[in-house]
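The following pair of complexes shares a single chain, chain A, combined with chain B in the former and chain C in the latter.
After this line comes the complex of A and B, so read on.
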């Protein structure tokens, strides 16, 4: 098993290398001279030359890539063209809100979606099942920003239960922190909840037809015990896989959600960087998001092999 | 499509009215996109400040925006752009993905493994962020929204076509075609590809909904489409400034249009899956 885990970790290295190469090439797939692209429309030839020298754009592509990777391995993501701050510092400042938003959304999703999927599978074909699946299709069709504005309008502006926009760090108390995250995480979670509820139902339907479930029923175990202990445990692998894959939805959605609720996180930083063509920042964020995504999915794979004795490689 | 399949479809649609409604919705959306300019009551881009920010009424059924433009007319005109972006993006990724995926699935071997690897790597990116980065790099224009959306859809089509062809590559009728002297090229394009097309149609319908959401999301955050061009995502973004003063219609109607369009494509995709393979129901 240890050798499988090791091989799995080693297998992600080329993926990460190609991700890095792609992120680095972003600047070069842009039509025209990268230095001119970065400098913008109003730049003088001197500005362009300064940027070219500063970023080392006058050297061969592979050398540039090599030194870029070398610096990243040493924790140096470069310097923002716009603010002149190190990219890692800028990302560090914005990490908290985005991480908070994602964790709350993830918890909310699991707490809502998994039971919904289980109940739908248990009552398959019934009205409850149809209602839940109808909600799932519906949830999958909702644009994050539209849900966000509807929630903000109803619960913040009309009912005044929660703040409209903004973010308070956790250090200022649990409730102030949570208060600002409830509406954004519901908006962000809609698509995710729909996805997880659907996959939970599909996997549970399969598991519930197994012989050991019939045995459990025959033994006279309670419905809840059968569903949540016997069946859900065995359905867990595909569900957890999709939860991992779905984190991509969260990352993409967070960019939009932060924009709706004025949360000063990585998503806002991404948009600002793109609109200002601040390439080092864009590269840093895309790299971070991709690596986190790859690592989370790697961790999920490794955890299975540890907890599920059926998986042997 | 044989008459038996057609009859079966009609039978399924009768038993599954939701799919019929979705198909009608999609048809309506396409008609609006085509005939939009002839059915709008007002000019979608000419401003009329004396009629700014009017709530929905008989004259303006979806109200007017901050420049006095009729929201309904803008919604109708926007349908064409949103549909065009989604259809061209999905079309590009379907064409490339189906052909590349089919040939890889049929040929197997080193090339197939290399392409499989490439697809895995693409899926290692959070795709929406990848699309944003590509638009940023290529330039903030509508064509680049299409290209970015096409590229992030590509891995799904390659993977799907590859898997579908792979399970069929050695079935009887493929062997028969080869025995009749068909070249490998022709076996893939004339036999295998048409055979996996129905399954891919489901994918296309679901994907169109996703592509619309994606394009609207990109223009919502300020990429691609620029004002005053009417587009649903950007209309929500512009209208959002007036939501705190109670002008809900500027966000509500474009949001509703977006949601309905995506919902119809998703329901149609699900419905088609039931028609093609009733066992696949989830």
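After this line comes the complex of A and C, so read on.
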């Protein structure tokens, strides 16, 4: 098992290398002279030249790429053009809120979506099933920002149960931290809950048709035991896969959610960086997200082996 | 009159389908006494399994008991609800199923699966349940029970899985066990071991058993009383001896005739008028091959090794003449399917050579073989007609496809003619050609599979258990068809099967395989009548026969 994980980590190296090459090329894929692009519309020719020299853009592409990779391997993601702060520091400051948002959303989603899917599959064709699936279609169809604004209006402005916007770090207490995350998590999780509820229902329906479920019934097992001990674990592999794929979805959604709820996270930083053409920051964030995604995939593969004894690597 | 353990009175079961309600069981009346083993025999769709499932209340949600009573110890099972029902299921009444590997949860250790059943019905600790599960594994004669407790179903053989199922079923000492095709899909030798075990356990624990099976021979060997079902009704109920000696009902007669025995010939399996047509062709038998012509197929020292582990097949040599039929028999894992696939050039041999009509084809990579001119000469009929036909291809497409790919025909009149000709040769009604596989019956699908295989007029047909998934009456017709094709078109048949009775009838010669090597070979009848090795003798003896009076006595 350990050797498998090690092999997998080694196998991710080429993936990360390709991602890095792509991320680095971003600047060059964009049309025009990179230095002019970075400097912006109002820059004087001197400014452009200064940026070109400062970033080493006058050197050949491969050498630039090489030295960039070398610096990253040493933990140096570069310096923001706009704030002149190291990119790693800027990301570090913004990581907390985004990570909090994603973890809470993930937990919320699993806690809500999986039971909904199980119940829908168990009562397939009934009114409950249709209500749940109707809700799922609804969740799919609503954009994050619409849900976000409606939630903020109802629960924050009208009912005043929760704060409208902002973020409080966990260090200032669990409840203040959670308070600020509940609405954004629901908004962000909507699509995700719908997706996972549907997948859970579909996989559970398939599993419930299997012969071993009939055996479980023949043994006299109760409905709960059948659903959760015998069926859900067998349905877990596809569900876990979709949860993993969904993390990519979350990353995209976090950018919008953070804007709606004014959370000072990586999503906001990304938007700001794009608007300011702050290429070192953009590169750093994209690289980080790719890395997280590769890591999540590795975790999913490890979870497979824990769930299903037939899967061996 | 003393009360029976189970008495089913005028049971009707219906299923709601897209085409409306379908009545699967139409008035079954049946009684089972404590401790007896009753055989419930019939072909697929006869309602025998549905009767079993209705009794244990395991019918699909689409199925419903519409009339009648199922009295178990005087209590109507059909009216039980909730906890009352659960106290019955797995405790007083339990069930084992066909395809034991699928019937066990693939990701739960078998020890836990047995303990589940115990813990559901007894108020004991988990450790005590585990100890009981271990005892049960011993009772069903599983070797190294301590280690097997933590094994998963995929780590066990089919026979072992069925033993685990038996352990689960007997865990709470039920008064009635319903065994639904418990050994279908298992090897004959495994079948014998599992059935003997089941019979012994039932006798030792005084458990009544209903053996649901399509195999008359099996029921005859283990049951004192057999009920024959057709179209949801019981048509005849008698002792095995009367059933086989003097069947009264027309359906029983047909079923008895279609079941191959040690002495039956292909012509015995079907009715006289069908045989007339057949016999006309037999008369123009082919002349013996001229001396010195090379054999159709020559296999030299074939071996196959998969990535790890020992050889699946080693040192396999054989020859076949045109129009000859050779049987390849052995238990699962003996390498018979691997060998047949190598000869078909679907997988590559690791060593050795295959010579077809004097040309070496063993070294053509299997993935390039479709371009070889011999592809159309060697064709295969696969085991399960349900799985081996593309569900999105009509019967016409299935048959036309090889003609277009291998014979170079274009869509048009000629293709139509050829497809219709193939369909006629296999006895497939032409109006079925536009249908998709799910709209055809099992026998019709088997015919499509054979029509596809003979479409390009092959010289060698490799058949991998072509009738294993079929009812005996359909099997009889398919076997007759294959025999006719061989005689009419001089097609050589390599017939892979675990059903020795069928091989004995259909094949001139038989090769017995074990662990990838040839154990024995020779002329079929001589080989089966006088096996020279213990292994072949064991295989032959494991076949359940109607005539086996002594075997019946020992089993009871």
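In the analysis below, the second predicted complex is superposed on the first by the 299 of 313 C-alpha atoms of A that agree within 3 Å, B and C clash if a C-alpha of one lies under 4 Å from a C-alpha of the other, contacts with A are read in each partner's own complex, and residues count from 1 in each chain.
Here, contacts are C-beta pairs under 8 Å (C-beta built on N, C-alpha and C of every residue); 3 or more make two chains touch, one makes a residue touch a chain.
None of the values given here were measured: they were computed from a predicted structure.
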State whether A:141 touches chain B only (first), chain C only (second), both chains, or neither. first
Tell me which partner A:224 touches in the superposition: chain B (first), chain C (second), both or neither. neither
Looking at A:152 after the superposition, I want to know if it touches chain B, chain C, both of them or none. Which is it: first, second, both, neither? first
Would you sort A:18 into first (chain B), second (chain C), both or neither based on which partner it touches? first
First (chain B), second (chain C), both or neither: which does A:308 touch? second
Dominant contact partner of chain A by residue count, chain C or chain B: B
Kindly classify A:29 by the partners it touches after superposition: chain B alone (first), chain C alone (second), both, or neither? first
Classify the contacts of A:214 with the two partner chains as first (chain B alone), second (chain C alone), both, or neither. second
Is A:282 in contact with chain B, with chain C, with both, or with neither (first, second, both, neither)? first
Intersection of chain A residues contacting chain B with those contacting chain C? none
If we count contacts the way the header does, which residues on chain C are in touch with chain A in the complex? 56, 58, 86-91, 94-95, 97, 99, 102-108, 116-117, 120-121, 152, 154, 165, 168-169
Given the complex, residues on chain B that touch chain A span 117, 120-121, 124-130, 132-139, 209, 213, 216-217, 220-223, 233, 236-237, 240, 243-244, 246, 248, 251-252, 255, 258-259, 262-263, 266-267, 270, 282
Which positions of chain A touch chain C when the two form their complex? 210-212, 214-222, 225, 229-230, 233-234, 307-310
Give every residue of chain A touching chain B within the complex, in rising order. 14-15, 18-19, 22-23, 26-27, 29-31, 137-138, 140-146, 149-150, 152-153, 157, 164, 198, 201-202, 205, 247-248, 251-253, 255-256, 259-260, 270-271, 273-275, 277, 282, 285-286, 289-290, 293-294, 297
